[in-house]
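Okay, so subunit A shows up in both of these, paired with subunit B first and subunit C after.
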Partner chain A sequence: MSELVLDGISKSFGDTEVVHGIDLTVAENEFVVLVGPSGCGKSTTLRMVAGLEAISSGELRIGGERVNDRSPGERDVAMVFQNYALYPHMSVAQNIAFGLRRRKLSRAERDAAVLEVAKLLEIEPLLDRRPRALSGGQRQRVAMGRAIIRDPQVFLFDEPLSNLDARLRLQMRLEIKRLHARKPVTTLYVTHDQTEAMTMADRVVVMNEGRIEQAGPPMEIYRNPRTRFVAEFIGAPAVNLFDARLTGGSDDGLWIELADGTRLSVPASRRAGCESYAGQPVVFGLRPEDIVIEAGDGPVAPVQMVETMGAETLAYLGFGGTEACARLTGDSVPSRGDQVHLRLGLERMILIDPTTDRVIGAA
Partner chain B sequence: MTATSAPRRAAAPPATGGGPAPARPLPWLLPVLFFIGLFYLWPIIDALRLAFTDASLLDREANFSLDAIGAMLGSAALGTVLRNTAVFTLGSVFGQLLLGLAIALLVVRGERNNLRGMLVLRTLVLAAWVIPGIANGVIWQMLFSEAPFGAINSTLRLVGIPPVAWLSNPDNAMMSAIIATVWQGTAYSMILLYAALRSIDDTLYEAAAVDAATPWERLWFITLPELRGALLVNAILIVIMTLNTFDVIISLTGGGPGRATEVLALYAYNTVFYNFDLAGGSVLSILLMAISLTLAAIVAMFLPRSGRP
Partner chain C sequence: MIQSRRSRIGNALTYAAVIPLAAFFLIPVIWLVSLSVRTPQEVFLGASRLIPEAPTLANFGQVLTDGGFRLYLWNSVKLAFLGAAGAVAFAAPASYAFSRMTFRGKPALMMGILAVQMVSGLVILIPLYRYMDRLGLLETHFGTTLLYISAGIPVTVWLLKTSFDAVPMELEEAAAIDGLGRFETFLRITLPLAAPGVASALILNVILNWSQFLIPFVMLSESAKWPISVAIFNYAGATNATTTQLLAAACLVAVVPTLIVFLALQRLIVRALTSGALKG
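Let's look at the complex of A and B:
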């Protein structure tokens, strides 16, 4: 059993508390990503798990045992650092083997273990090189090799991809995921990049200002954000938010009235949760892919800017008193200045109470 | 992956430095050449010239002669003096490096743990370095003094240890000279190594901590290899400084008892200013310079080369 449990973990520097009582359980072999803007406390949380920062209060358990007072080396965790932290004067093979020096292995056994890890990471030809003779992606692999060889209970990643260029980042993202599929380990991964969080995680934990805003599977977080922060932070391009007002019709249900006077009918399936907000201001949110250009009787909007990306096109539309982004698939690309009819996926809209910034109807 | 990340600009000629070299570099170098020539090269060349003469301080009328070289290299004292110099230099250099490293490690560790008084400690150690060598010798002479007021001996007496003949016993005098020199020179090593220690990436230690490295392993596998360049440069500098030391010794022991602490620099000084033998002193100075350069060259061979750790 190598379950990782954070039970009310807090961190204070002097009188300032920066992490406020984090409760999180990472199940055995689960891949959990902590994501949030810089300064949200995600790295501090990870460093408390590693033992590099003291835990101010709360309890940390690895495999059922309390490890608060153990040194990093006694916690049986392995960590991959943002700058890789490879030992510069050791060869790749020595770097990888460093974590084995305490196990009483013969030279042949150790070399075999190093070779096995090197094969897994496809870095066999590099074993005799020094870290400075490696590219960023290669260093990244060596850093992972150094962690993997120890066969730890918990794997920790501290923004491991942020020093790589965009293309390599994509490649390594996939590779870390593939590695985890082949050799599952309880993993806590920290990043500020929501795409990394969405693509890699079994479960995403969104942090903000030292607290967990929401935790759940990626699609759950994406489709059913619980707060305005999560709705805005997850998803690229970001969710479109409009200031609006919910109005009750004379007879037939609810309407959303946008700042430019557009009135949208709340679909029957969504009516139940928000009826009590009738007559009140709300923030109306719609993901870019839920705005579709389609001839019909939908609202009309001018195309203000177009970004073509190949497989998809982002169109920026003058809509709802502000600018809305629509993600269009298919080959019909509108041009700037066109007036287009929109079809809105209102079943998937996100309504936010502006007084609490919580999503209306969320659990 | 290796194919895509390999450098592709093999065709471009390598740049030789920062920007184009001026068409005529000489005018730009002239001021430096002038001052180096005036203050460094000319005295060396003059010493070399004097070594091949019979010049004395009283009689500057010098004629070409190889007598001084023969007399100095054949002198019975030279062996003793060279052995003294070797012992003094080795002892002082190792003492300064070890103590300097120890204090630097202590200060860095204290700072990492936000201990108070680290700045004061650094300043105190550095204060020793700004004391002139002559004054340092005088201070240690008072500390080592075998009279009833001698600070060290009276302290020893308090804890019941019999007094030590620090300066009058030929077997102890060299150790005392080394202690005085190390005390003064440690600050220099400490500052150099402190700066080098501060520039070591902290995450290396964090990675080592996660890898369960003991403090000794951290010192052996991270700190010392990372400090290699600084330690060697430091060694070159203090080897040369120590070889040239005579101020501490002249005021502490005057080279005595007998020749027990007479090092090469002091021997050269005595030859010129007590025996008035300018030519002989020049021979010894040239010998000293040759030894310094050789040692520096040997140490420099171990310096990390750029591009290869």
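Let's look at the complex of A and C:
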């Protein structure tokens, strides 16, 4: 249980650098999720922390000590693998106890520790079984048990839920969180699933092409993305992006002009950051929940497709020269072909500078 | 309809090809069986008495109670098993390295090992004899075993590499995180999980060693050290009509263990030889 520091960590394979100078501090007992598309370097970064990949440059510190040159076993980290990596020739109890071999415990102490972990994970009845005889969710629990029992300084997860079916994934997601709340450990968790990242993390770190795009609490990442990549990657359904242009002078207000000619007035609260872009092309972004169907004087759009999901409905609208997704709550569900009035939550819009792909006004 | 007719013709052709082939291999065995159950008198009747009028198992009894013959069998067992165990023991670390490590020239080395396998034993027999002579290992089971081992290593390296390849990398990584060193991981994780492959490599080596003839023939001239293959050959050279039936019985006794082992473990052996040939 200690702080994990990645100080300019890089990884090269031959002449190709795949991870470029990652700086990241995971505070004691913090739950940090590394998220990004496949190939973004998140797994390589995790494997460098675990000691399974050599660190090409930079310094890795666990609990204030440099551990670059220590073997995985000496780093006192525990890891849960995507495919569980249980030892198939050992029973569940042996699998869990395996990590304890280095501690010089008596047999009774070891058995007690295994039992305690098994109780925590509710896998007591399975202790005598072989991994082959377990379901995916049970295997995942055993893999976690093997990690927990070591009481490591840092907990590493490498896409632990991606081999589970949707229902089980949800359940295990919750369980890992619950476990962390009950037994806090410094945790670095890798996933490509932005929902997992949002729901589990104290802090989300979005990676792209071997770099950190943005790091912050989930809601901050969601509401104030710093780049187009983060805006698009986080959130499902994805943010709606429209090609647009900022027009108007200071006296007449500031307008967003969409490709289909729709003109939207920039609310006063958002004017300050973007006045300097007047007259320039921008990318205008709105989250699906910020498009609401409501009678009034808002713009009119045709409903092109409707997906009902029970608690909410996704409506795909012909708007702004493209198709926009609106997330509707409530019981009034539009039908395909309807013409509807929209109310747009422009206070929460995301404006992106298309030349740099950075969000305008972001730090 | 066309499909099935075509497959029927295909079947017919397959049998037409396979039956002569099977006959080619089976006829000597049948002949051997026939001879081994004859009385000395009937041996003189040759092929006309393929099924003898007075079949007897006495020949087997005589062969199996003969002290010399038992010694040859024991020598064969000893050489075959020691050679097989040695080949597996020496090949395993090499296979592990080929399976798990990346180093310069790995493909070339793997092919090189295969190339060694392709060299005919006959070609290297004379230099081999001279080396062993210089080392003072002629006429010893130790030296013979060493040659069995080196003869078995190439195939064994390839066989074991395939079974090590099948052990998921993550298991070794998990073991590394659990604090095991490389050798300990190999011993406690990789080797036990590759056990079926190791077992079949061992069995295959035993079978190959059992039928090994050239090496012991050249290495051992002292009859007390002969394995069964060499002993039978030497008896055959000295044979006369009165011992033919005994020789036949001895041959069968020598061949049958391999046959039984192969039939019993056929599936395991074929799987070991073909695993890794196809993905999935």
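Structure notes:
By our rule, the second predicted complex is superposed on the first by the 360 of 363 C-alpha atoms of A that agree within 3 Å, B and C clash if a C-alpha of one lies under 4 Å from a C-alpha of the other, contacts with A are read in each partner's own complex, and residues count from 1 in each chain.
Everything that follows uses one rule, which is that a residue touches a chain if its C-beta (ideal position, glycine included) is under 8 Å from a C-beta of that chain, and two chains touch if they have at least 3 such contacts.
Predicted model only: the values in this text are computed from it and were never measured.
Partners subunit B and subunit C, brought together by superposition on subunit A, clash.
When both complexes are overlaid on chain A, the residue A:Tyr277 reaches neither subunit B nor subunit C.
Contacts of A:Trp255 after superposition: neither subunit B nor subunit C is touched.
By the touch criterion defined above, A:Phe98 reaches both subunit B and subunit C. In the superposition on chain A, A:Ser135 makes contact with subunit B only, not with subunit C. By the touch criterion defined above, A:Gln171 reaches subunit B but does not reach subunit C. With both complexes placed on chain A, subunit A has more residues touched by B than by the other of subunit B and subunit C.
Where the contact sets of subunit A with subunit B and with subunit C meet, they give residues 50-52, 71-74, 77-79, 81-83, 85-89, 98-99, 102, 146, 150. Residues 1-2, 5, 201, 203-204, 206-213, 221-222, 225-226, 228, 309 of subunit B touch subunit A in their complex.
Of all residues in subunit A, those touching subunit C in their complex are 50-52, 71-74, 77-79, 81-83, 85-89, 98-99, 101-102, 146, 150.
In the complex of the two chains, the subunit A residues touching subunit B come out as 50-52, 71-74, 77-79, 81-83, 85-90, 98-99, 102, 122, 125, 130, 132, 135-138, 146, 150, 168, 171. The touching residues of subunit C, when paired with subunit A in their complex, are 168, 170-171, 173-181, 189, 192-193.
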